[in-house]
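The following block contains the structure, expressed as structure tokens.
Chains here go by letter, A, B and C, matching the order in which they are written, and residues are numbered from 1 within each.
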Amino acid sequence: MSTLTSDLAQELETGRFQPDAPLPKPRRRRVKTRLGQAAMYVVLVVLLGVVLLPFIWMLSSSLKNDADVLTVPIQWIPKEFVWSNYADIWSAIPMAGYLANSALLAVVITVLQVLTGSFAAYGFSKVRFPGRDALFLAYIATIAVPWQAYMIPQYIMMQKAGLTNTFTALILLQAFSAFGVFLMRQYYMTIPDELNEAARIDGLSDYGIWARIILPLSKPALASLALLTFVNTWNDYMGPFIYLSSNELWTVQIGLRSFIGQYSAQYAMIMTGSVISIVPILVIFLAGQRYFIAGIATSGMKG
Amino acid sequence: MTTITQRRAPAGEETPRRDRRDRRDRRGLRRSTLIGWSFILPNFLGFALFTLVPVIAAFVLAFMNWDSYNPPTWAGIDNFVRLFRDDDFRVALTNTVLYAIGHVPLTLALSLGLALLLNQKLRGIAFFRVAIFFPYITSLVAIAIVWNMLFDPTSGPINQFLHAIGIANAPGWTASTAWALPAVIITSVWRDMGYYMVLFLAGLQAIPREYYEAAQMDGAGRWRSFWNVTLPSLRPTTFLVLVLLSVSSFKVFDLVFVMTQGGPGRATLVLSQLIYQDGILNGEFGYSSAISLVLFVIVLVVTVFQFRIQQRRER
Amino acid sequence: MKRSLIAAGAAAAALALGLAGCAGTGSSSSGSGTAGATTLRVAVWNLQQTPEFGALFSAFEKANPSITIQPVDILAANYEDKITTMLAGGDTTDIITVKNLTDYAGYAQKKQLVDVADVVKSLPTADIPATESYKTGSAYYAVPYRQDFSVLYYNKKMFADAGVADPENLTWDEFAADAAKLTTGDGADKVYGAYLHTWNSMVQGYAAAQQDKSYDKPDYSWMADQYKLTLGMQKAGTIMDWATANSQQVQYKDMFEKGKAAMVPMGTWLIAPLLADTKAGTTDVDWGIAPIPQLKSGTKITTMGGPTGFGINKNSKNTAAAEKFLTFAAGPEGAKAVAAVGIVPAYHSDEITKQYFGLDGMPSDALSKTAFDPDVIRPDGPTGTNAAAIGTILNQEHQLIMTGSSSVADATAEMASRVKSDVLHQ
């Protein structure tokens, strides 16, 4: 690859990841900035209270007895702390197995979605061919059709293929969504076409351009796509519910709802499980944070 | 400075340099068509087989009567005629459109604002970002219970606050037919803002530092650089968020259902719930497919409209 | 970095293909059985939490060693969704548990179940009155194994403390009066005289059953009196207001067990959980059951209720074995098995009643025994061909009445006009 291409790419990468890098600020704005920062923190903390309230309820409910969860008025602090809920849930339902199943599905679907989505997005944004935009619009518009509408035709298709009660069915259904294509396409549109041109002059094929230039430059978008796909798959209930009949294949969401019986429900356990099932998402979110913060070194594109 | 801006203009659409390349492309049109399809194929194939085919099947069913079990019978446009007379459909469509009108702008503004707010190098910013994302990953049951409590007309904090600032006739929120939909909109905006904030954060990373530096050197303050640099550069992301928001608003189901079950009465009955009700509960799949088809057409029109506006803006 | 991600993804994919599934309770598959053995697949809900299925299946397998039962566990909340989808795909699960009469109406209309009139003929139907609920024309598409009906649960201690006589032979007005006497406290400590759950059947069901009215005729003015009573109690604060109970998803079991309500009209399905909780020590409520309040004193005890039953999937390949199971479940042996876990069987006999009242913790006073044997049980919701659609309309208008968004007269008129135009297309 020529120095031109790699220089352009590198400039883009470093240039992008520092949105508010220290720019010279005149002296008299420094005090205002500090006050502004303090005010910012206050706003953020208030915001925090509002967004975390239901989670606090979840947390508090997970430490109660079932009968104390849904009380009127709400008891924010449990009368007695039932720490054993966090121990019991692993034997009340095969929670570890369910977590593993959910993880499997989420990881496989996320990886496939990110790969095929970003691959297709290149075609929709960097290559021009007739009917491209119309196809893209139709693609997006199908996201609008609620799943209840085509749930049964889809199921019949899977049943005929003998794929009911398998993970494969869910993977095939969810790994090829238009959402990933859409997200990556919009991000690719912010990458200047000059880069493509330079790379083409260097002799790279489109596939090479995608793999070695475009993909590394789109880390923030890839991170956000991965995160959102993971979250959506992890929290998906109806899909696994309809397709997975065997108890061994159940995911966390099904497992948690199994505490809701016909005539009574163990809400404390449900909340315990819900709190536990949030942890992987937090881990992934925090891990992906680095793509949304300044100062990433380039991925070794020199030369 | 102007040279930089021109050289790095937001790419993807028409500029004068494109026309010259166009002529070269016409020769390689077949080649680029093949290449384009080769990129699209893995995703599109999976999509076409497992989503598009069932969706088309559902649309075909719109012209039939089917109870999901016995062979379908041809109905022509009967379902659509019935649709236009159906009171439930009218109610659900109105509710869904009102929901979209409330949900889309509010979530767009809030998520953009939060992304800008949290795109700084403040200490512990990651913690705040995760916190804003919490509503999206919190259990729907927890959200429904806590927000219903907040909205309680007599003892909930929201109405207590309204009373305190002198509003005598505070809304009945989820207990009243007039205010149930606004209540649901508020809750769903609160829930979704973190999700779309993540998309905006990604988009903000794509703005080259040079732009801000250039603007700074031109003497622009914070607001100016927001209007002249950030906002225009965010157009592709804004389009993404706008379309995704619109699409998801029209097919909203889960949160509304858990919070109010479509009630009181039909005050928060949305199209997805009607599709579920008529299809799975009442066994009228032909009819519910007709509703989905109408929903699809509405969203397609809205999406094309937004696409056209965005294209015009790019020129 | 990208490469390591791809590698991780490939590893995960390989793992996925290798692993069949990691949650290893295997409750859905049983032993292979001997040669010539038949396996019957039965769709049930919440297998772990619903002991009646386990009890029934083990008793059946003991009596029929050549048949093995393989439960298909489907969550209760979306049971109907999954059954509809499965049947649409041509699923061959042999036996479908029919949750309620509304679901039954759906199955019957789509003709998804086998006509088991022969099975019914072989049953002692005189002792199984619930069988009539499954009569569709000349066919029967299911047989009942349990029959629940509404009784009045009351907290004996609260009655004694307030000096109120036990709720014997109550009329609805007396019920309201008693509730007023039993309501104490305020705010977080408030104890309600009664708790009426949010379902529309808690008002409409009693009215329909006791006035012998049909849900299918587009005239619902007969609901007015029952609504007047209920709204009156809500206004007086002797029952929890509907909007709060609904939005906070209040559980009737908790209200009763924690002594938050002195009387709870509810189905007999609450008995088994009460017994289980008392045994487990999570509650010490001193409870009894009484017949549901009636319109007038001295009349027959009329209450609402419905059966739960089993039907045979038309696509089943083991119809003969399935019919054997149905006969077992609906008859005296099935009744014995479920009565042992506190479920009220569809099969009635003195022996069963004795067995039932012999259960640990079961109140054995005379009033409870009377409650156990109502004179008339009528359906608690619509049962005809448009059962689901009518039920939805009735429920929606119920919400409007209970939140005060609509007057009783307006709402019942609206019910009639909507059923007429949207469901019956008249």
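Here is the rule we use: a contact is a pair of C-beta atoms (placed from the backbone, for glycine too) under 8 Å apart; a residue touches a chain by one contact, two chains touch by 3 or more.
If you're wondering where the values come from, they're calculated on a predicted model, not measured in any experiment.
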Worksheet, complete the sentence: Ranking chain pairs by contacts puts first A-B
Worksheet item: Based on the averaged CA atom positions, which chain is farthest from subunit A?
Response: C
Worksheet item: Could you state the distance in Å from the CA-based centre of subunit A to that of subunit C?
Response: 39
Item to complete: Report the inter-chain centroid distance for subunit A and subunit B in whole angstrom, where each centroid is the mean of the CA atoms.
Response: 16
Worksheet item: Tell me, which residues of subunit C touch at least two other chains?
Response: 81, 84-85, 88, 244, 248-249
Practice prompt. Could you list which residues of subunit B touch at least two other chains?
Written response: 68, 141, 145, 149, 280
Worksheet, complete the sentence: subunit A residues touching 2+ other chains are 70, 73-74, 115, 152, 267
Worksheet item: In the complex formed with subunit C, which residues of subunit A make contact?
Response: 65-67, 70-74, 93-94, 96-98, 100-101, 104-105, 107-108, 111-112, 115, 151-152, 155-156, 158-160, 164, 167, 171, 215-216, 238, 241-242, 245-250, 254-255, 257-265, 267, 299
Practice prompt. Could you pull out which subunit C residues touch subunit A in their complex?
Written response: 1-2, 5-6, 8-9, 12-13, 15-16, 19-29, 45-46, 48-50, 72-78, 81-82, 84-85, 88-91, 99, 187-188, 240, 244-245, 248-251, 253-254, 257-258, 269-270, 273, 282-283
Response to the item:
Counting only contacts in the complex, subunit C reaches subunit B at residues 80-81, 84-85, 87-88, 106, 109-112, 243-244, 246-249, 388-389, 392, 396-397, 399-400, 403, 405-406, 418, 421-422
Item to complete: Flag every residue of subunit B that touches subunit C in the complex, lowest number first.
Response: 67-70, 86-88, 141, 144-145, 148-149, 151-153, 172, 174-177, 262-267, 277, 280-283
Worksheet item: What residues on subunit B touch subunit A, complex-wise?
Response: 7-12, 25, 29, 32-33, 35-47, 49-55, 57-58, 61, 68, 117, 119-122, 125-126, 128-139, 141-143, 145-147, 149-150, 155, 190, 194-195, 198-199, 201-210, 212-213, 216, 233, 236-237, 239-240, 243-244, 247, 250-251, 253, 271-272, 275-276, 279-280, 285, 288-289, 291-292, 295-296, 299-300, 303-304, 307
